[in-house]
Amino acid sequence: MTAKKTSTPRTVADFLAQAYAIEAEAAERYRDFAEQMEVHNNTEVAELFRKLERIEQKHRDQILGQMGRTTPPRVKAYKWESAEGPETGAFIGLHYLMQPWHALEIALHNEKRAFAFFNELAKARVPPAVRAAAREMAEEEREHVKLIRQWIKKVPVPRPGWDRDPDPPTGSE
Amino acid sequence: MNANAAAALAPKDFKSEVKPVWCPGCGDYSVLSSITKAFAKLALRVENVAVVSGIGCSSRIPAYTTCYGFHGVHGRALAVGTGLKLARPDLTVLVAGGDGDGYSIGGNHFMHACRRNVDLTYIVMDNRVYGMTKGQASPTTEPDWESSKLTPEGTGLREFHPLVIALASGANFIARAFSGDPNGTAEIIAEAIRTPGFSFVEILSPCVTFRPEQRLWKDKVHDAPVKPTSDPSQAARRILTDDGFNIGVLYVGHRKTYQPPIGKGAKQAADLEAGFAL
Amino acid sequence: MTPQNPAPRASVSIVLAGSGGAGVMTAGNMLLEAAALAGYYALMTRSSGPQIRGGEAAAMVRIATGPVENMEDHFHVLAAIDWQNIHRFAAEIPLAATSLIVGDPDQGEAPAEFLKSGAPHAPVNLKKLAKSIPGGWPNMVALGLLAALVGLPEASVMKAVGKSLKKRPDSLAASLAGVRAGMAAAEALPARYPLLPAPDATSARWLITGNEAAGYGAIRGGVRFVAAYPITPGTELLEWMAPALAKVGGALVQAEDELASINMIIGASYGGVPSLTATSGPGLALMIESLGLATASETPVVVVDVQRVGPSTGIPTKSEQSDLNLALYGLHGDAPHLVLAPNSVSDCLFTTQWATHLAEATQAPAIVLSDQFLGQARAVVDRPADLAFAAERVTAPANAPDYKRYALTDSGVSPMAIPGTPGTAYTADGLEHGERGTPSSQATDHLAQLDKRRRKLDSVDYGSHWADVEGEGELAVVTFGSCTAPVREAFARARRDGFNARLVSMRLLSPAQPARLADALAGVKRVLVIEQTHSGQFYRYLRSEYDLPGSVSSYRRPGPLPMRPEEIVSQLEQWSKA
Amino acid sequence: MTPQNPAPRASVSIVLAGSGGAGVMTAGNMLLEAAALAGYYALMTRSSGPQIRGGEAAAMVRIATGPVENMEDHFHVLAAIDWQNIHRFAAEIPLAATSLIVGDPDQGEAPAEFLKSGAPHAPVNLKKLAKSIPGGWPNMVALGLLAALVGLPEASVMKAVGKSLKKRPDSLAASLAGVRAGMAAAEALPARYPLLPAPDATSARWLITGNEAAGYGAIRGGVRFVAAYPITPGTELLEWMAPALAKVGGALVQAEDELASINMIIGASYGGVPSLTATSGPGLALMIESLGLATASETPVVVVDVQRVGPSTGIPTKSEQSDLNLALYGLHGDAPHLVLAPNSVSDCLFTTQWATHLAEATQAPAIVLSDQFLGQARAVVDRPADLAFAAERVTAPANAPDYKRYALTDSGVSPMAIPGTPGTAYTADGLEHGERGTPSSQATDHLAQLDKRRRKLDSVDYGSHWADVEGEGELAVVTFGSCTAPVREAFARARRDGFNARLVSMRLLSPAQPARLADALAGVKRVLVIEQTHSGQFYRYLRSEYDLPGSVSSYRRPGPLPMRPEEIVSQLEQWSKA
Amino acid sequence: MNANAAAALAPKDFKSEVKPVWCPGCGDYSVLSSITKAFAKLALRVENVAVVSGIGCSSRIPAYTTCYGFHGVHGRALAVGTGLKLARPDLTVLVAGGDGDGYSIGGNHFMHACRRNVDLTYIVMDNRVYGMTKGQASPTTEPDWESSKLTPEGTGLREFHPLVIALASGANFIARAFSGDPNGTAEIIAEAIRTPGFSFVEILSPCVTFRPEQRLWKDKVHDAPVKPTSDPSQAARRILTDDGFNIGVLYVGHRKTYQPPIGKGAKQAADLEAGFAL
């Protein structure tokens, strides 16, 4: 896909700004997802997405603290290497009948990507301070991955045909 | 408020409180997100942008932005957008809609908008189906798609080739994008808006409800193997032989934008009376 | 709690609601079919949110011992699989204190909008019950529960479920178990609404929507070519016709837009094949110019307008009668044409068939004004009588001497030469023309052709079909279309209180039939016009074309809510006492 | 033969006919201008065959001492440069026994259709006379002859010719010589139709067509954007506006079709620029769907329909009033909008200007029903008064708190935010919506918005402009549009015979003004409705919306012939005596 | 009368008694003559041919033939012709009209008729002007043509390229002809009719009244330097680079004609009742 190299941060400040953007977008996207589920009457999954949103928000705010700020910075428009930001869920993964398991699978996928992103940066040829910061962030994402893995185990695996809707779609306009 | 002094807006500032009725998974969510990113990238102000559409799932998009919006009737979005831009050249006008809206009932306006080359950007969220009316074939639907009750044996009709028609009709900027790549799509939309004249962006945007197989488009799309050209016949060759999944800006021309001067007349209405006086 | 032992009733109304995916429509359809199999009449309408998928939805079913073509004043039972956004339907789901609300306690409280009716809320763990059955579905539990509440025989329900799942035998057992679980759960409910025994099924019954009925009526009338562009709520008519036409040797073409569809059917009809298109308000608006062409060139076509709420895109999924003005007056120039309105689901069949016959007989366009309610309602009806109306176009024989396509005949109808016929080739024209079709700007030709085109419509014998005329007395209600059924029911109810009036439901709206209506209203002192528009389009039309006797009142209101008998009863009371 | 010495008259009517290339239109225009320069009022209409070029043509000119806006009962002089197919115009050129036919004997006999009037046929060798002048033209000879017959001063004629040939000075001398030759030839003719002296020119005069007047009215009203598709007889309005708009800072765009033009002006108006399109019946029919959008989205637009003979393509070059139904009722759903009709050539200015003002004030579409007669007639008129009606749209200020585009105000009009205004962005919608514009299918929102859109039109004060009301008495004639002038003349004539009646010419057709008309008709015992349609569209409309007092009669007939005073006088006689 | 046994008809047998209202010198006279020649060449019978048109000078043509004719409204001729042919596949259907009728108001039907590929022949008498309404610019009018009062500075719009659009939309037969060569044009029309599917013939047909300079077209036209191709991208290259005056058959494809079976159903209407019965 549109393979444009994500700009590599050269300073810790740069790095934190980028990390902040990653988390902020991830949080926003979970909110979008939650809203979609609300509109489509899937409250269970909506609540789960809200929860994920809060997790990402927390992470985001934590970075804010690291940046030594109390107010959000202006988020630069980053060109991500991937179609979506490193921790942002793709819209297409959603389904109105999806179950918590599906939502968590999406979260898992995102956390893994986030880990990979930061992990790669931790190994990249960037100033050591940036590497260290990236490593720290990668560690956190690894924790998230673990957390989500545990969480998944607690929810039922959907039965085959979970997406079957006996009713036809409705149309209008 | 001084617009220049105002802080630049983030993508989310272009997203309204109105919640989309789109099916979860629908490609149009990504398109919305790309549009808001493009607006932010171009540092536009919400009040200086108008999003105009027709009727269809995709055409619901204006109200999902915080910009001025016009949700008109089926197939006429380009005409509304043209009138708006000609009367208000200071605005950024984005026209958006579906393949049915734009290529079936609105096909004539599409061709003539390409010819007219007003400084508009036209986005078609192409899902090769009429989503809103529950899954009939659109002009871009494959001839052997048999899932519509209206055409149970398939349409048997050759697909409509939007990029070819745009080129043949004189569009000044032609690109294909994929909703599954919102960042890439945002880039393309921003470039389309930036380019003067009529810019056309065909966005492959899956309908997960009536064309669930389109979830696999992500495996089919690929970057256009070549750079954009400004030579129409080279562009024609490329587009005619492409597989429909080439993503990128395919043609950028240099045609003069159509914009009659407005608001610049030297005379008063009463001056016209001289023509009637004996 | 144990249910009281309530008196059986002739009619009961039930709504099953829930989110998309819960299968309320499927269960509603099974309930409808079960009622039919048990020998009852029934009617089902639907409501859904604006989401294409996953939106809130409600299936409204009325079951009765006699034919029903409208919804009752309130529902007896509201059962919800979940309550997500179901409150948005509150205006569409009136309840009484005697109604029963059934909800799954795990899905939260029933919305206040419903509870304020005073109806008790009985909890039933639909989801849990379903889950206790491997592969079980809550909608099947709800189905069983509802069937039990109204006393539908278990066998009919099981048969209906079996029919519906013919193609999914794997899920049959679980579904039947779900139904049984629901029936069992009904035992504990605080109310029941048992139906009177079903009438002896003397006549064959059909299960049909108005859109299907119109499609079939068209085919019976002779239509063999359809070109159309999808639009809610006309699409289902077309979707039914596409395979049906193929079976009987016709064809349906999906056109690029409504301008194309109307002109395609004009072309096909010019070629001798009775042709039709179906649309809704916005599409009809686009066809107006070419309907004028059909009038001037004397090419018969049938256009079914399944009306929705206007103006503009309006409320596409809901019913209103407000395309009446457009249908009656929409053409530019003086362009006489036919406008007809079916007044029940099954009458969609007759009216469309008759419209096809009349269009062909008069070589003029006919607009059939159906609406979303009629078109999308699914009903158990008596199999309609076979009526002989079919396309019978007066054509010219080969080598007709001195053939004049637009000859000034007594009836106004002149034989139409069908391409392929030797010796009678002519050019049909939308320009004003002389008798041969050659363009003319002479006043005499214009007047002669205007007279001719008017005469064609005036010289048809419309017989008794122009309206349904019922009742006696010095008061009369005049209505049309889907308002008819609730008015009928209101009459029946008011009659019990000694109310006496005539009812005229006009099927042929244009050309106006002043002599016939005068006859029907002879001796009437007061007239009430009832319609579902905001501006009183029908009332205004009647004023313009008819001399209505005595004092005339108008009761109108717009959509999207269907007319209910009680609302009309209260109008009748006010009016008859005024 | 020497002419008798006839009494001078207040009005004279002349027709100059001949084949294309003979220059009858040019000569007619010069005659019109000469009359104007001489201080007379005048009116010219045209007729031509179906050929684009080289067809038979006739210029009809009426010259009078007072304002004239309609044709007389018959022509006093018919002059023909040749007779090729001129008989086709016989119905349009009524002659009396006292008329005079002037023809070139080298061009054959005058057609029997004219001779049967009993008018004498005087031969004049127009071509030979022209040939005797190097570069001479027979139309100039005819011009001189006609000017002399009615007694126009030579100086005015010469000045008119000079003005017209400003760009062709080479042919001026020959033309003037031709005129002189014609004047001389007139001496020998057996009749004369001298005009009374011209009135003192107290007011400034204009030479203008209705189409130009409408275009100028629109610009005065504030229109600065036009998108349109050419169609006879609306094209000239557009052709006048294209350069005029450019001068005042506006723009005209030729659209690909009428669907585009109406939507372009909706877009421009949404952008805050008062916008207009002009068309004729077939084009108006194509705009119907989008006019509904303008209504529902509350976007003001003005559509001028220069009506021609319908239905369908009809007779494109001739006048009729039969688009009335379409204009009044053509929208689907309940869609209140404005319909106005100018009733004279110069009133096209006021009515279009007022329509623009009203459309903008009510944020609703306005249809101006002009017609081919008004649009294409060229008249000498008093310079119309300056009226202050201009576009004044209620707009929202920047950052209006809690802005609601479709707020339910008392007047129904809610401030419209113009793109570019910060803090008030909204989405205009043709879907039914709540106050903020968000789509809604709730019955309460639908009713509230329907009421609002209706209220907007009902809360405007239309003042005295809604109609021209004249006269006294217990009889009243109600009419509109281009029927007004012949009715006025008929009144003037009938009054001499003691006839007394009121005349109401309605300018504001919709919304209906029942209170105002009731006032205007207070005490009236009998009403006659006059219109140029086949089916009595105006009569039917009045019946539907108004309670007309006493007994009501209808006189209507279709085009293409214009209404003539005598025809109306005889109707008035029959009716007033009935 | 047995059609087979009947004598073949001459061109004049296809010319009716109705006298054209066209201006003397108008290219459409030649087109009429070419059409009648083509009909005669193909040994058609008048009663088995239908000529369908819209509105315009050129669209007056049906009544000038002795065939069945339909003179519809502006821009909709192809839709009428499509319906007629689909309902009556036994007829030869010729649709004819002008550049305004076909490319401006009728543009959408043009594109979709090309896609649909019904066995029709469509003739456009292109004079690059609206003749009937007295000389406004049409889509094919040069952008700098300043003789219309509606567009006194010229339209400023890129010309519409009919052949390119036809090819891009899928027409199966594409040719350009010149009215000044009635015999050559007759050949082309005959071939167009003979070729199954949608055949498009653009005929340069001067309007001597509003575009008198078109009398000089005779000096500009020339035979296409190459044979017809059935390769769309080759055709595209040729048409895109041609000068607009190349005369001849430019493209002949092999696409399947669209024709649903009609009159061939096995069932009676009453058989459909089974679907409703309980």
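Per-chain residue numbering starts at 1, and chain names A, B, C, D and E are given in the order in which the chains are listed.
Throughout what follows, a contact is a pair of C-beta atoms (placed from the backbone, for glycine too) under 8 Å apart; a residue touches a chain by one contact, two chains touch by 3 or more.
Owing to the predicted nature of the structure, the values given are computational and were not obtained by experimental measurement.
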{"item": "Set of chains adjacent to chain B and to chain D", "value": "C, E"}
{"item": "Mutual neighbours - chains that touch chain A and chain D alike", "value": "B, C"}
{"item": "Relative to chain D, chain with the most remote C-alpha centre", "value": "A"}
{"item": "Comparison of A-B and A-C by number of C-beta pairs in contact, larger one", "value": "A-B"}
{"item": "Reference chain E; chain at largest CA-centroid distance", "value": "A"}
{"item": "Distance between chain centroids, defined by C-alpha means - chain D, chain E (Å)", "value": "38"}
{"item": "Gap in Å, rounded to a whole number, between the CA centres of chain E and chain A", "value": "58"}
{"item": "Chain C-chain E separation of Cα centroids, rounded to whole Å", "value": "42"}
{"item": "Chain B residues counted as touching two or more neighbouring chains", "value": "21-24, 55, 73-75, 104-105, 107-108, 111-112, 132-134, 139, 209"}
{"item": "Chain D residues counted as touching two or more neighbouring chains", "value": "50, 252, 256-257, 282, 289, 292-293, 297, 312-313, 429-431, 439"}
{"item": "Multi-partner residues of chain A (each touching 2 or more other chains)", "value": "39-40, 42, 96, 168-173"}
{"item": "Inter-chain touch pairs (all)", "value": "A-B, A-C, B-C, B-D, B-E, C-D, C-E, D-E"}
{"item": "Contact footprint of chain A on chain C as seen in their complex", "value": "19-26, 48-57, 82, 84-85, 137, 139, 232, 235, 313, 316-317"}
{"item": "Touching residues (chain side chain C, partner chain D) in the complex", "value": "50, 88, 91, 281-282, 284-286, 288-289, 292-293, 295-297, 309-318, 320, 322-323, 325-326, 328-336, 429-432, 439, 441-444, 446-447, 450, 454, 533-535, 537, 540-541, 543-545, 557-561"}
{"item": "Complex contacts: residues of chain C adjacent to chain B", "value": "49-55, 229-232, 235, 238-239, 242-243, 252, 254, 256-258, 282, 312-313"}
{"item": "Residues of chain B that touch chain C when the two form their complex", "value": "21-24, 55, 57, 73-75, 104-105, 107, 130-134, 136-137, 139, 149-152, 155, 209"}
{"item": "Complex contact set, residues of chain A against chain C", "value": "39-43, 96-97, 165-173"}
